[in-house]
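Lettered A, B, C, D and E in written order, each chain numbered from 1.
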Amino acid sequence: MLIAKVIGTTVSTIKDETLTGQKLLIVQQADEKGTPFGKPYVAVDTVNAGVGDMVLTAHGSSARQTAITKERPVDAVIMAMIDTLEVDGEVTFQKG
Amino acid sequence: MLIAKVIGTTVSTIKDETLTGQKLLIVQQADEKGTPFGKPYVAVDTVNAGVGDMVLTAHGSSARQTAITKERPVDAVIMAMIDTLEVDGEVTFQKG
Amino acid sequence: MLIAKVIGTTVSTIKDETLTGQKLLIVQQADEKGTPFGKPYVAVDTVNAGVGDMVLTAHGSSARQTAITKERPVDAVIMAMIDTLEVDGEVTFQKG
Amino acid sequence: MLIAKVIGTTVSTIKDETLTGQKLLIVQQADEKGTPFGKPYVAVDTVNAGVGDMVLTAHGSSARQTAITKERPVDAVIMAMIDTLEVDGEVTFQKG
Amino acid sequence: MLIAKVIGTTVSTIKDETLTGQKLLIVQQADEKGTPFGKPYVAVDTVNAGVGDMVLTAHGSSARQTAITKERPVDAVIMAMIDTLEVDGEVTFQKG
């Protein structure tokens, strides 16, 4: 899974019909301190995440292993909200 | 999913027979403002997209989870047209 | 799918027994003009492609969705020959 | 598989319900000497690994081929602890 | 598939129980001349390869399509030994 920060939202009227009602959030990969980097990607939310939240995203076929995403054409899912990240015994990120 | 811009079309006479009639579009990954970057790739269209449209593409086995692409040898699908992208409360892309 | 150019061939005597008779070609990713770049990879041919041809390759589990590659340990397949690539209304590649 | 070093831990209260009780570790890819590099990612532990351990991680659908991760939305798993790495006849890493 | 050179071996006592007896080799991607580059990764051997051999590796779910790797948590497999690589009509690599 990738550590990621939710940075935005998408609106899409025309899409695969199985995606109706799915929340597609814009996220950006982040490091252990929660600092985002790189180009954004889009993931389906399954944990009621919002802009600013630090999350984990699962990719590929693993993104379809939730009740919300099963058998749908999505390749990235937010499957966990991050409370704390700790590296080498130090807390590097804590949910505000 | 990746944010992508449709930039062109492909013509292919000789191909896997299950791909007959599929529309293979050339796309380029884009950022939250809709600015394309990087090398192009090819995705099957399932939402009647055209050159200039901003779309989402799903990859890998997830690209085969549509009625059009099921059990076909394709690894990228356009499964949504983007109307609006919003980052940190600001609209960064709006369909023209 | 990736746009790719067929640049060579491989010979392999010792291999997974399900690969007997498969044609493993060396390909290199290419841009919309057909200009190759990057390191080569190897893909199974299913469209009778030859050195110099511009093709599309599908990857991952999607590479196993052809009659030739089904249930075999291959992760890249040539599933289409490219006749024409057109970007923004201009023909950028045409089969010679 | 990737050679990786376990560098930290995550705490996540809100997550996909099938992930309850799973240990999500922060890891970083490493070279044959055990030197980590690149951005961290998160993998499910199945071998009782701890911070400082050198491990192997499997990715994608392969990450779901363990009793612990089966049918769960995870795309990286720690499936082996590394005792020794040997390159060209020289031991390059040995568990302390 | 990737062209790769076998550069070393791993020893792992604690691992997923389905991996008992599997040979996990350290490999490095190589170009058409057999020159290795980039960081090493680990692949399951299915063709009795040894250090110094040039091989092909298949990745992702395709790595599980052999009798040895089926339903196991491995994402890279050596499924062929390379005898010869030929690019543009020139032999670029020949097994010694």
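Basically, a residue touches a chain if its C-beta (ideal position, glycine included) is under 8 Å from a C-beta of that chain, and two chains touch if they have at least 3 such contacts.
Since the structure is predicted, the reported quantities are computational estimates derived from the model, not experimental observations.
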item	value
Chains contacting each of subunit A and subunit E, listed by label	D
Type of subunit B:subunit C copy interface by residue overlap (half), same or different	different
For subunit A paired with subunit D, centre-to-centre distance based on mean C-alpha positions, whole Å	20
Where subunit C and subunit D are represented by their mean Cα positions, the distance between them in whole Å	33
Per-residue multi-chain contacts in subunit E, two or more chains	60-61, 63-64
Sequence of chains encountered when the ring is traversed from subunit C in the direction of subunit E	C, E, D, A, B
Contact set on subunit C toward subunit B in their complex	1-3, 29, 31-32, 37, 46-48, 56, 58-66, 69, 77, 79-89, 92
Subunit C residues touching subunit E - in the complex, by the definition given at the top	7-16, 18-19, 24, 26, 39-43, 51, 60-61, 63-64, 71-76
